[in-house]
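Labels for the chains are A, B and C, by order of writing; each one numbers its residues from 1.
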Amino acid sequence: MSVPGLTIVKGKTSGAARILQFLNHGLVNLVLAIVAIFWLVPTIGLFIASLRSSTDNSQSGWWDALTKPAQLTLDNYANLLSNSQFMGSFWNTIMITVPATVLVVVIGSLAGYAFSWLKFPGRDWLLLAVIVMLAVPVQLALIPIASLYGKIGLFGSIIGVILFHVAFGLPFAIFLLRNFFTQVPGELMEAARLDGASEWRIFSGVILPLGMPAIASLGIFQFLWVWNDMLVALIFTNATSQPVTVAIQSQLRQFGANIDVLSSGAFLSMIIPLIVFFAFQRYFVTALLAGSQR
Amino acid sequence: MATDIVLPVEPGTEAGEKRPPRRRSGLWIAAGFLAPALVLLGVLVAYPVIYSIWRSLYDASGQNFLGLGNYVTMFTDPGTFTAIKNNVIWVVVAPITCTILGLIFAVLMDKVKWAIAFKLIIFMPMAISMVAAGVIFRTTFQENPNLGAVNAGLVSISKAFSHQSAYPGARPRTQEGITQTGGDIATDSTVSPGAVQNFPLIAIKPADVPGSAKDAVVAKNPASDAIAGTVWLDFVRGGGGTNGEPGDGKKGLPGVKVEAVDSSGKVVGTATTADDGTYAISGLAKGSYTVTLPASNFAPPFNGVSWLGPQLVTAVIILSYVWIWAGFAMVMIASGLSAMDRSLQEAARMDGASEWKVFTRITAPLLSPVLIVVFVTLIINVLKIFDLVYVIPPPSSLPDATVIAVQMWTVSFGGGNNQGLGSALAVLLLILVLPSMIINVRRFREDRDR
Amino acid sequence: MALTQHRRLLASLAVIGSAALVLTGCSSGGGGGGGTSPSASSDTGSGAGSGTDLKGVTLNVASDWSGAEQKNFEAVLKKFSDDTGATVNYTSYGSDVATALNTKIQGGDPPDVAVIPQPGLLYSLAKAGSLIPLDSETLDAVKANYAKDWVDLGSYQGKTYGVWFKGANKSTVWYNTDVYDAAGATVPKTWDDFMKQLQTIADSGTYGISIGADAGWPLTDWFENVYLRTAGPEKYDKLSNHEIPWTDPSVAEALKVLAQLWGNKQVVQPGTAQRTFGDSVTAVFGDKPAAGTVYEGDFVAGNIASDTKSVVGKNALFYPFPSINGSGPAVVGGGNAAVQLKDNKGAAALMKYLASPEAATIWVKLGGFTSPNKKVNTADYPDEVSKQIAEDVVNAQTFRFDMSDLAPSAFGGTKGTGEWQILIDFFKNPSAVTGTQQKLEAAAAAAWGK
């Protein structure tokens, strides 16, 4: 991978240069550390709020608990975890999110490849149309699709929600993957075609491996957006098919403060997406090593 | 360059043997790749768009044809213009901030050992639902310093560094001969030396009266060149006592600054009340003076900034957006960085190029496709922003923070039930997006044809 | 080889994808179909209330109750399912009942019974033909158990659709006895005395009253109580139906009375426009009271119980909204009405059950609930305070429903627009009476005009 002989050539760094290097290194660490702390504070605040009762949360801010640890309680989490409707909704969320993510990745990759390396009439106009669909807000489709689903019997079903999410995730998927796929060097593609490989072989053997970082990113984002969606689920699911976000929404009191429910619900809901992110982001590294083998 | 990848070879063909061009089946193949996407997009996205355009030509009930009536209503409503103005602010500020931050984070992250932890921290807000994020920011920036973290911090800093007034909010009763104007409490008529001037005050929290305060007493008769008197809290717990008279356990107010102001407005003598509330300003020449308790005694303490008020609320919402989406930009750019061939940069570094040169001449241009994807996605995302703008502002600030998607929701669903007008707003949104899309697709075509 | 690794990943992705599709296909069949109540319900008995055998029938009920209220309502539903054998599923729509319900109706999958908080919504649903009128038995029960005002509220164009299961008393002024005692303030009966007492409390160092108007709806309740007392019930009805305009002098009179209070900066705790209703309750009943009084409906008791350590009945009491210019006792109230959306025996039986005093008594005993049902024994209320609240509602000489809930929700029920927003603006600027009237009239004309 590395050019032979280059690694030997390394000049002696002077003391001053070394100090500069260290400062540079230390400075970067310091800057990033400060940024990280600022980034974390709001989330930590919410977490501590989830460990306080509704009464305490109404009287004082979450930092109060830092000096009065007696305020901390697991009641909010206990309430949610013992609520069978809430726990059931977790399974629904998985049933909705996983297929929605997989389908977007698969269908998006196919279409992305078509838009990047296949020639057909009207390709650029069609691409423009797809990209314009990025701008369509979800609210716009609620009423027409609700009545459409009602007519074909999909209203209230999990498949209906999945298809809705896939459709609204496709414009971004196609946009992203098409851009990534066009990065593949043209010579590679020509050589593959000249060798007589079919489009499918090229797609699966060349494009997909090289596009893995983008596909992994897409997968993560789609997973998160579907997992955290509340609006679509509120309209298109019923009591048996509702996901976690709707279940939390239904726990909110009309007139009271709801921080205790929202915060604990948010954290319980956040665990799985974070695990997914953590698992997938390691895959980036593998992709890096694989994709750079040229 | 391409030597390490074994290319798949069609069985039954020898490498190098050309096959006849497959033009007609090329179309079918393209169709095969595109079909699932196009079907889903057509039914679930394109159809609602067309439905909306059609629907925007009708009134709320959907029965009466209005032509462009809804569009006229839309453009004559000041709310629409506020929404458009806010969307413009969003588009100008938010995507560029997110992209730049994401770029900086992604590049710097490479250089530290704890990159994965950093990535997780910056990315975590994306894992929290928009609603929860909105709630976080709403409570953090709340006006009440007891509940809102930012104001709590500001108030503590202000308490530490500035002098707090002794009796905030205090005022006199009416018709006692003293009046509060602009914070100062002054006598209505002038006083000559040798006279007694009292200041019975109310609206003081019992907690603000210091422990050292003693019961209020009538001031001793002043000398002929002095003005004396008592300042006390003219309120008995549970009501009772005589207004304007000390006694019944009423406490004097120590530490109040008293000034004697002559007819030209100059302060000629000052005093500070003792523990029993008495004061005496001596050394006064003959004449008429206004005795004043300056406003600094009673100034209300700094109580934080109104972050969620009409002026600042959009800034707070944009901040919350950046908090969430900078992570998106960072992850995307990081994956672009990871797919980049590093040898070019290594070579440049060996040649002695500085980090900045390496970044601007090599890294950034190679990253530009990713940067463009991120930037365009953010712009479109920001144009249709809804959740944060709906959740964070208190409803009293909502008209100042509104954006087009929120207007659309309020009009269509939030009680308005005027889907005709709502659809018109949706069409407006789509029209606003088109310019940025066309510019970028053209760039791609140029890139590709190179 | 890297490639085969990727091939394997692709293969596994494909397997997961198709497996997921298959699985959802299996489950959605159950999930999608199980929601609707089958038309072939096996009822062997006649439609005689709870004696009907509804074994095997599944009913869906929806409302905006969640948390503790949901638990209590489910207890009510449980008795019904125990008696009849039906399975009753409850869903909460959160606070967006109108939107959720409308879209579900559009989608062809509404609940069997919904309990809705606004008569305005009831009328629009009835007009659209989405509601089933009460059957003769239930209608008789309703006429026997409820005052005529309530029956009329649930009727549209001669047919009755609603059973008012829950009532609310919105003429209760809650006060912290500790603060009142310390200030020597007493319970006022008239508006002038009310202002005087609030001033006394303010003089003692605590604000007289806290108002939480960030959303605006508490201000509409203020207006309705004042208007009912200054203009009388006949004019109240006319204004509710927009038969007299908001520019009428009676409206000006009510607004001027409100301005007396709202413009008094000494008496009203600052920060109203951004304070939530819940925070205004905490401001009065929390650990360090910042004000002595808060006005809103009987649901304040619920806030006190869950958000503060004050105890209703001990230091948290209420007095009826004061009379103005000698007006008689009057109550502005609210409520939730059960309506039937699907035509089947199970839903009809549930409606009949909800109209009975037995159903109401279950929740009455659990607390936090007022029933407008005349046949409920008020001795069943768990404490004196709730009993008093309920008696005020049932026995009110003049009872009127919350005007903003009677209006189209674009005017009276939406945050950021209509009456809610205009009154917030008036609160910030209480001298602009005429201007406010004009804005109200314009918004009302737009909302009713459709």
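Just so it is clear, a contact is a pair of C-beta atoms (placed from the backbone, for glycine too) under 8 Å apart; a residue touches a chain by one contact, two chains touch by 3 or more.
Model, not experiment: these values are computed from the prediction.
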Quiz item: What chain lies closest to the overall centre, CA atoms only?
Solution: B
Self-check item: Among all chain pairs, the one with the most C-beta contacts
Solution: A-B
Practice problem: Would you kindly tell me how far, in whole Å, the mean C-alpha position of subunit C lies from that of subunit A? | Solution: 38
Quiz prompt | Approximate Å spacing (C-alpha centroids) for the pair subunit B, subunit C | solution = 32
Exercise. Let me have the rounded angstrom distance from the C-alpha centre of subunit A over to the C-alpha centre of subunit B, please.
Key: 25
Exercise. Could you list which residues of subunit B touch at least two other chains?
Key: 5, 147, 413
Quiz prompt | Residues of subunit A whose C-beta touches two or more other chains | solution = 59, 143, 205, 293
Quiz item: Which residues belonging to subunit C are in contact with no fewer than two other chains?
Solution: 3, 96, 276, 279
Quiz item: Which of the residues in subunit B come into contact with subunit A in the complex?
Solution: 1-2, 4-5, 7-10, 13, 15-19, 26-27, 29-31, 33-34, 36-38, 40-41, 43-49, 51-52, 105, 108-109, 111-112, 116-132, 135-137, 139-140, 146-149, 152, 323, 328, 331-332, 334-336, 338-339, 341-343, 346, 350, 369-370, 372-373, 376-377, 380, 383-384, 386, 405, 408-409, 412-413, 419, 423, 426, 429-430, 433-434, 437-438, 440-441, 444-445, 447-448
Self-check item: Residue numbers on subunit C that touch subunit A, as the complex places them
Solution: 2-3, 5-7, 10, 13-14, 16-17, 20-21, 23-25, 27-28, 30-32, 34-35, 60, 64-70, 89-96, 100, 103-104, 106-109, 276-279, 282, 286-287, 299, 302-303, 306-309
Exercise. Spell out the part of subunit A that touches subunit C in their complex, as residue ranges.
Key: 54-55, 58-59, 95, 98-99, 102-103, 105-106, 142-143, 146-147, 149-151, 153-160, 162, 204-205, 208-209, 212, 234-236, 238-242, 249-257, 261, 290, 293
Quiz item: What residues of subunit C sit close enough to touch subunit B in their complex?
Solution: 1, 3, 96, 98-99, 102, 124, 181-185, 200, 202-206, 213-216, 266, 271, 273-276, 279, 408-410, 413-418, 420-421, 424, 450
Quiz item: What does subunit A use to touch subunit B in their complex?
Solution: 2-3, 6, 9, 25, 28-29, 31-32, 35-36, 39-43, 45-46, 49, 59-63, 107-108, 110-111, 113-114, 118-120, 124, 127-137, 139-141, 143-145, 148, 163-164, 166-168, 170-172, 174-176, 179-180, 182-183, 185, 187-188, 191-192, 194-199, 201-203, 205-206, 210, 213-214, 216-217, 220-221, 224, 228, 230, 245, 259, 262-263, 265-266, 269-270, 273-274, 277-278, 281, 284-285, 287-288, 291-294
